[in-house]
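This is the structure, below, for whatever I ask next.
By letter and in written order, the chains are A, B, C, D, E, F, G and H; residue numbering begins at 1 in each of them.
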Amino acid sequence: MIVAFDFILLLFVIICAIAAISVKDLLSAVYILGAYSFFMCLLWAEMGAVDVAFTEASVSAGIGTVLLIAAVSKTKRRSKD
Amino acid sequence: MNIFLLFGMGLFSLVFLCLYRAVFGPGVLNRIAAISAIGTKTLVILLLMGFIYNRVEMFVDISMVYALLNFIGTITAAKYLEMKGEL
Amino acid sequence: MRILALITVIITGIILIYGTVDMPDWGDPNSPASKHVSPGYIEEALEKTATPNIVTAVLADYRSYDTLGETAVIFTAGIACILILRRRRRQRK
Amino acid sequence: MISQSPVLVVVIPLIFSFLNLLFGWWKKGFCYPITLVALSLSFLASLHTLNTVITSGTIHYYLGGWNPPWGIEYVVDHLNAFVLVIVSFIALLVAIYSKKSVEKELPEKIVYLYCLFLLQVTGFLGIVVTGDMFNLYVFLEIASLAGYALIATGEDGAPFASFNYVIFGTIGACFYLLGVGYLYIVTGSLNIADLSQILPDLYNSKVVLVAFAFFLVGVSIKMALFPLHVWLPDAYTYAPSAVSALLAPLMTKVGAYVMIRIMFTVFKPYFSIELIPVTSILGWMAAGAILFGAILALAQTDLKRMLAYILVSEVGYITLGIGLANRNGLTGAILHILNDAFMMLALFLVVGAIMYRSGNREIPQLRYLHRKMPFTMAVFVIAALSVIGIPPTCGFFSKWYLILGAIDAGKWVFVAVLLVSSLLNVILFFRCIESAYLEPVAEHASGGSELVIAREESPLTMLIPILIAGAGIMSFGVLSGKIISTIIQFAIPIGF
Amino acid sequence: MEITVLVQTTDKAFEILEKARDEARELLYSSAKLTSETKSLVEKKEARAIFSDARQKRLAIRNFIITTFVLFAFWILLSGRFDAFHLILGIICTLLVSYLSHDLLFANIRVGDIRIRARRFFAAAPWFLGQIFSANLHVAYLALSPKMPIDPQIIRFKTKLESDISWVALANSITLTPGTITMDIREGEFFVHALDRKVAYDLNTGEMEDKIAHVFMEADHIYIQDVLDVARIFGALK
Amino acid sequence: MISITDDIIIRTVSRVLIPFIQVYALYVIMHGHHSPGGGFQGGVILGASFILYLITHGLEEAKERMSELKAGLLSTFGILLYSGIGLLCLIMGRNYLDYGGLSTLLKVIPAQARSLGILGIEIGVGIAVMGVMFSVFFDISTGGILPEDEEDLGVNR
Amino acid sequence: MYILHIASIPFLLVSFFFFLAATVGLLRFPDFFCRLHSTGKGDTLAVLLSLIGLSIYEGFSLTSLKIIFIAVFMFLAQPTSTHAISRAAMRCGLEPWVKKKEEIK
Amino acid sequence: MFDFILSKYNYWIYVILMMIGFYAMIGKRNLIKKVIGMNIFQTAIILFFVSTAAKRGGTLPIIEHGHGHGAHAIQATAYINPLPHVLMLTAIVVMVSTLGVALAVLIAIYRRHNTLEEDEILRQQQK
């Protein structure tokens, strides 16, 4: 664990989470969720959970974002809230 | 004070600036640009953590994943945008 | 409705934070979590499974049944997507 | 091989579900027999397990050959084995039943449906048999994911109902996981037996208290206890009939089993009864569930939706038994797991058969059914009597024990609630029986009416499980004393 | 320098062609024996088909082998373990991947120029790196200077490059170098967004394009193809 | 229906990168013992490489390389491999998934047998995850309707 | 090895400068295409420099070679994704920001 | 007091994150937003578990110097607790699977109702 990084990363994660659920454009929300996953991955790597970070990295970069974009492309992009 | 720690903090402050674009940036395109910039910085920070832990060979792999896979998301989003909602 | 959701969320949060008060400190090497079972894994894994990565050793050997369940979960998800979405099977020649 | 039966119960359906897919791609017709073979093998294994438990006591099975706190352990005691047999037997019955209804409702998706069916059963069996907190979560997720998908294949509103179920199910499962985490951080163990030994020293810790609360909330969402039941009626109404016949009896019962396990094995009864007043809260919630379910069921005209609300009320009975927290109440609860599983099975199977033949399930349109499908409707009446609690049927006995438990606990309100709910159930089912049996025939068509209503009994693969369920309801009623003396009295957790 | 390289290349091309032709001739003879009854016209057609088939197959096998070697080198780099078990695993894995996607890495490579290409690439790499460095200094200046003297504009030009990989190289190096990013390619026409007027002017001189053409042997490409064609005729005459 | 991109740069770069991604994925699966990674991660990366091919080269071409039927078969095969190893241990007279039982079969010491057993199940998990990931993405991005069925079903989505 | 540690520091500093320039550019430039300029190249070069610096610090080993390979992949992937976004933006009909004509005259 | 905050802030942040996700799951009307909230919710729990594994002064749970060296004894305090990591690998898999199923259900909903807003779907169902 690297305490100095921990503070900053937790702050970033919260910013990203709030932004992801409050953006009206769903594609943007999906993308911000991708950034959220970056920071989560960093956070876990920082706590020494390399395997978990690896999994999160491959899942978020390889599957998660793409899957959500595919779902958005099959439905609507705008949301009311 | 460790040089890697310092460099990492500097990168984090830059990430914070990028995050402004990512959160408030007008339109999805700016956000994509900002987040891909965050992705590159993430890659370097991961390596830095490896140096701080003195176990770089473990962290290189994660970094490599980002280098190889990070552009899939960008390409998908770009395709979605240019095909006007189809994939 | 939204206010109701907010109230639920806040109450849950308060309960959770109430629970954290008695927890061992973050990163405490003497917490029960790192005293009870995990030293066994760390000390034995290399010797008994010849695998330096303890996480892999625990994942795929000590708790391999969990991993079987995990694979079954993801398999379930794949079949679930097919079941929900796929309309017709491909014509076989 | 003899000592392997606990794991075979779970693994056989799992492996056969993959084989199902492989052979199903080759030829669709293989799916049904493969499913039947898998479930009967699993049923035999579970019977063997129960037999071993009765003769030689609790079974400990170490998966992977690792000793308990490190590896995963299967602990099968009387309670486990009892629920295990119920689950595998009901799954077998539903599988036999499902042939025609699946062929009618989802002809294109037979392969995947049977595959998920087996996975679902695997999930239930895995939950029941395991002795590890996290392993329970994994199998809970298998069961839930399969459930979401199976429900979503139903009719019009099914995807939305399924989505609600996804949201609530995820919240429930995550709360459970959170509870596991809270316990892990203060004990460092995941094994149930190990936890129950470590925890008594920590009963004053706030962490354990919060963990307990989150366990209860999570499991309550999964078993649809009264204020958290909102996903249930829609989901079970819109699901295909075979699926709702599988999910409705089993999901809630498995949830009830997990609740008993957590309250009285992981935590000692001393904690959940005396240290914090959770059982009385649970009792009041259960009373609310019983009344609420029955009253809302009165308002429905859709037969299946009515049954869904009755299910909410039945969950209330089991929870009431847990909440009474004495020997009689708990006996009633465990007995009711068996009885209610069969009652709900019979009711949902009958509704499915009616749907199969007549295509609708509005209560006013049930008329003349006793002529069309006499056996099916006879089983319906038996199940209805059992839900109401008329003596020879099994529902009476569990209610009897519940009432005894309420009297023991000195809570007369609950006795009143039980009686009132019986009355409500009488009204409820009398409506159906009236429109099915007592509608005058001659009024509509003069003369030839007897000939018009041809006998249209449900097909044989449907009729046999229905009859078995009906027979089960009757025979469990007669045999309930024996069941209690051989199994349930040992299944009651230590400390009562 | 240029000419010697060219001659070498041509020689090499001849060599490879000879080999391929020998192979094809054997096939041809055997097929001719079998179908001696048939008309010579048909025979010729078949022979040509066999000839091109053999060449294609040869190319495919070549690609497969090169891919396997490249990937195995990558595996060694990743693995860092040199005991027999891991090496065998590596061979299996690389063979698997080459089987899955050998036609991806070198999709339409031309014969016999990979070594020269690599040499030229490494010769040109410092220039590119210098360009990239100066580009970044430029952007940094633009970004950090308080007045921000930018004047963005879109320029379009038609390239003389032909193969797809050289297009990609050009596009990527345009993206990486002085104040320009490639926005679109439509039928050989590049749409480039330039940050500055001067930069746009620089791009139009076409230095970059020449370099890329040099590296990917675009300029000599036509000539070699001519030589090869002539060679075929010579061979037929023999 | 996913179409091919008409951008040559994206196609070429992805074409060049895909073999490397695949080798990397296999490396991650095989070296789960010594470095972070394992079956699941490698499977996801392998699946992502096929997804990348699907996105950049369109459905028609991607089907020749990896069709949804093949993905399903592979995932079934992978998980059968996993549970088959478990059953093998059972047949060898040990408990389910006790790889120590494989030592007589493989003629190595039990610790080494456990290591090999771990490798076996990692491969199984990798194959299964790859198939499922591709299949899930395929279903979600096409809506589950194959292009050749579109006219027959008469659906717009 | 100590000399290598010292030698890596300038690389890190220069790369930090480029990162900083890229980020400031991302924030300050007036429109999307100009912002892409800064992220597309600034980050790429900065990543290259910092990775070179880190691999120098690591010394000559397979790990440092791996780090260099990461840089190679970044060089392939980063301009491609930049190009993909800019192309998408153009196809979407996003008008590039142009300096007012009056100012030029 | 400051020590108390320093030793607990990680847990509090996870609670805040989880509540953000939880609010999105039950308070938002758009279904994709709910799915995003679900993702945040689950990652928050994973964050909690990983936090329980952290050990001051510990290094990664991968034993150095490869295998075959039984000479030096392995100190349990030198390595981070691996068990929560294992559990969380499984939880991440479950997360991805749930995401896939939820998206599939979402597309099925869109096919039937042609919208993803919850209130509009409810309005359509009441008709």
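We take it that a contact is a pair of C-beta atoms (placed from the backbone, for glycine too) under 8 Å apart; a residue touches a chain by one contact, two chains touch by 3 or more.
What you are looking at is a predicted structure, and each value in this text was computed from that prediction instead of being measured.
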{"item": "Number of hops, chain C to chain G, where each hop joins two touching chains", "value": "2"}
{"item": "Chain pair, C-F or F-H, that carries the greater number of C-beta contacts", "value": "C-F"}
{"item": "Centroid comparison with chain G (C-alpha atoms), farthest chain", "value": "D"}
{"item": "Distance from the mean Cα position of chain G to that of chain A, given in whole angstrom", "value": "22"}
{"item": "Approximate Å spacing (C-alpha centroids) for the pair chain D, chain G", "value": "59"}
{"item": "Centroid spacing, where centroids are CA-atom means, of chain A and chain D in whole angstrom", "value": "38"}
{"item": "Cα-centroid distance, chain B relative to chain E, in whole angstrom", "value": "31"}
{"item": "For chain B, residues contacting two or more additional chains", "value": "32, 53, 57-58, 61-62, 64-65, 68-70, 72, 75-77, 79, 86-87"}
{"item": "Overlap residues in chain G, where contacts from two or more other chains coincide", "value": "22, 24, 36, 44, 46, 63, 66, 69, 73, 76-77, 80, 82-84, 87, 89, 91"}
{"item": "Set of chain F residues in contact with two or more other chains", "value": "7, 9-10, 13-14, 16-17, 20, 24, 28, 34-38, 40-41, 45, 48, 51, 55, 69, 72, 76, 79, 83, 86, 96-97, 99, 136, 139-141, 143-144, 155, 157"}
{"item": "Contact set on chain B toward chain H in their complex", "value": "53-55, 58"}
{"item": "For the chain B and chain A complex, residues of the former touching the latter", "value": "5, 8-9, 12, 15-16, 19, 22-23, 28, 31-32, 35, 38-39, 42, 45-46, 49, 52-53, 58-59, 61-62, 65-66, 69-70, 72-73, 76-77, 80, 85-87"}
{"item": "Partner chain F, residues of chain D touching it in the complex", "value": "4, 7, 11, 14-15, 18-19, 21-22, 25, 61-65"}
{"item": "Touch list for chain C against partner chain D, complex", "value": "15-16, 18-24, 31-38, 40-41, 61-66, 68-70, 72-73, 75-77, 79-84, 87-89"}
{"item": "Parts of chain E lying in touch with chain F, wherever the complex brings them together", "value": "67, 71, 74-75, 78-79, 81, 86, 89, 93-94, 96-98, 100-101, 104-105, 107, 164-165, 167-168, 171-172, 182, 184-185"}
